[in-house]
């Protein structure tokens, strides 16, 4: 039960810069945390200037460089907006690394097919970087500005296939379309890894299931404690005789697609 | 009942600088408010960065210059501390001018004796400046650093008599000592004006009463609305047949010392 | 009496007056019994004095109604100070219902209030059932009053107040006694300090209340740890402000299931989103309380924000929002 | 049984262990019935899992006690999601008491908990009086348990919970039934959702409760105005966090006048000043709840802050603060 090592630390902002539109890249100096991070894990961040809103906010860990790690976030509410107003030198509190991440593909193992929607791309970068086995990254978003770190995936030598719903960049449509096309090719030894909105994850899980391809999905549930005590973040997971609620922050965020009881996921 | 004209305005900080130790001078650009201000009135200020603490904070108006007014404040808690962290260009919300101020002495009328303790000095400056009749200012504080704007009173041509409790500046003792000495001189036509801690005001009122000298006191009661609706800031005031609670923010902050029911003041 | 209320209604709705029930294509008017409010945003008793104090800071005729501080038959001195204390996202008060009594009120404040184009609602209380009825009778006789709000829920007085609002028999008696002496719309101001609000809501409705206002302040306390003394002279007080909103929303929602009469929702409203949350939960109107103390423009900002919301969502009438919360997935 | 509690006490107080009841010249130990806590700062049930989850972030043996999430006889799946929602200075939760049941708990969590040097307090509940007693009997038999906390106040389950804590007859029955089957210290976790807490405090004490914990969460609700749906799948939930502190302080103060048994105060504690306020109001110990979620170091910070406060005020024993509020001028 004490499997995942985690630390609570005051971390310093190295930089906090706008990426595209409402997306920001935040680099944090965290020398003790950085070496522990596995792909698919997250940091639970307390934005100290937030007063009336108490809780920490969870963010996937995007990149790890030396004694820093970074996150890629979208401003959607008061926490992320307060975060966007912070600057280098200011401090945050982070509990990290948290959660059960992706199984990093082994050299010579299955070919990884990464599927990412919106800020889900943040969770995939470290996986691509740490995977000795290269593969394909499917990135999708609503508009051109929702396509993040495309260049970075290319720089890692991955095959990047981009879709936008409005067609402003890459292929027009949903990220599942090129995935479906690829799976239809029926190449052997493949494995899907996905992160994005729950609807997308459900669709990816379903498609992977149809092609009998294993899939690891990083689930996005609202969180409170982030460390497994409050039981906020549960999703229904199959057990021998039915299903039980498991914690996205602890047993997840990465779950095997076949274990999720999709009918019950809200 | 609509006697005092008041405005609610967003005002800009022109400067916010440390005076001595924990005292700060805040200058606010408020072109519509500034011309309306009378000595002894106050501004009710909302420190916008304060989140969990909701209420405005009341401060006497210290100086009026052109389209600005200023306050002289001491950091004592979360509101004043948040205020002290603000800088020029930032905005506050102010409702001002509020309250019933001092009766400005007329030329040839009573000689004004001003008595001020701690930040009470802030409330007295405008009175001294606007009074055509010069007089004496008694300023007192615990230590040297609690003596504010002594120089400014002198520049106005007033006779300044300073006391500190620790003797680090001026005469050693309480501000009431030189006042008592002065009143014992039994010169005719004098009037006391005072602002400071409630204990000091009680003592000043008592002394003035003993010498049959009229006294106007600016009372310091905790406030909430500042405009007369919540009935937080009341003090007991004599009426024909007994006493009633009157509002420091509306009927006051300046009251005639003889009207206050000192036994009932907390 | 009916004619008086009618004339008030028509005065409120009269075209050409500054307050239009329909603001730029959306209808904001709501009904509280037979009283029409030009819009659903009132101010809460005890947080707006007698209206006149705020007259310089905002146009009172833009409000849905002005609700005055609680009035008893005789003048009331109120509690000793300190009377209020700031707490996290809230305020505790123990004013003790200081007030001028009916005569003092009519002499000092009514001449101004009756010139308003929007309804004036009088918050009344007593220490006995008979006293409530006496006060109601006096205001009935006055003429021109918009409605009476029966404060059976003030936590800060020894006799009267919450003692009535937390006892099913007494709440019914107070409402029935007032109902007997006036045809003015009666609004019962509910105490949150009950195990379940539904039976109290029903008791008030059955006894003839035309509407409920939910909620009054919640019993609370703060202690200064340096002096080890209570922060309020009255020891305990009533908690209000944003901190109580989730409690108030639940009570409004629960009462709305229990009774058909309109509910006026209040408790921590700071902006239009808060007000809309109350309406969606089941409130026909709302009142802004503690927020007036720190931001007197709040009621007007709330009205403007409700208009924007209605437009954004293509709604033509604010009434479409009332009780529109849906529980199914 | 007595000997087990005794051995726990002596284990807790044994010199050389990391937790010293007297921290640098001040005595922090307090009594909850026959149970001695090394210091008055516990964690609140449901906000600290089963202890093990936080073991990497703080030294559990520094705490006054570890209180685990509510446990019923059988495993409980809990409510649908969303289960919590953030509100102004607070949180609303409707977890629905998800848990592994007595057997699951003993298998999965007890092996770790029993290695702690500080008492483990088990929060228990049932849907009938008999079930409470059954669970109590099981934990009595287990041995080494510090105390049982009877949760008769969870607002988020249909059967059980607050239904018992808001009914004078039922609360007495639950306590008496558990009293019959165990000599373990019994702590009754009180519901705030009553008109007056005094009779409930007395009922629990008279039925044999050794202590009270005050308070559980307050019934509340939040609605998403865009979707017009409740923000919690359970529709309503329980409000916790700094926003409820003034309510909790008042209830602790009131209960402390009514009963002689110790009170564990909780509700919005974020720092030592909050904890001291509870103790001055009448609490013999305190628990940190929601604050653990955003700042897991809170309980340790509170302990350190209490030490500083005692030293600053020249107090030698934390017990001097208990109920030390003075009402006279």
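Letters A, B, C and D name the chains as they come in the text, with residue numbers starting at 1 for each one.
The rule is simple: contacts are C-beta pairs under 8 Å (C-beta built on N, C-alpha and C of every residue); 3 or more make two chains touch, one makes a residue touch a chain.
Just so it is clear, the model here is predicted, and its values are computed rather than measured.
Annotation of subunit A and subunit C: jointly contacted by B, D, touch as defined at the top. Chain centres computed from CA atoms place B at the largest separation from subunit A. For the pair subunit A and subunit B, the distance between mean C-alpha positions equals 58 Å. In whole angstrom, the spacing between the mean C-alpha positions of subunit B and subunit C is 36. Subunit B and subunit D, compared by their mean Cα positions, are separated by 48 Å. Across the assembly, subunit A contributes residues 52, 266 that each touch 2 or more other chains.
Chain contacts: subunit C has residues 88-90, 242 touching two or more partner chains. Taken together, the subunit D residues at the contact with subunit A in this complex read 46-49, 52-57, 69, 77-78, 80-84, 86, 88-91, 93, 95, 98, 112, 233, 241-242, 290, 292-297. Within the complex, the subunit A residues that touch subunit B are 51-52. The touching residues of subunit A, when paired with subunit D in their complex, are 1-2, 5-8, 46, 52-56, 93, 95, 221-222, 224-225, 227-235, 244-245, 250, 266.
Interface residues of subunit C facing subunit D in the complex, by the touch rule stated above, are 87-90, 92, 166, 193-195, 218-223, 225, 228-230, 235-236, 239, 242-247, 249-250, 253, 268, 273, 276-277, 280-281, 309, 324-327.
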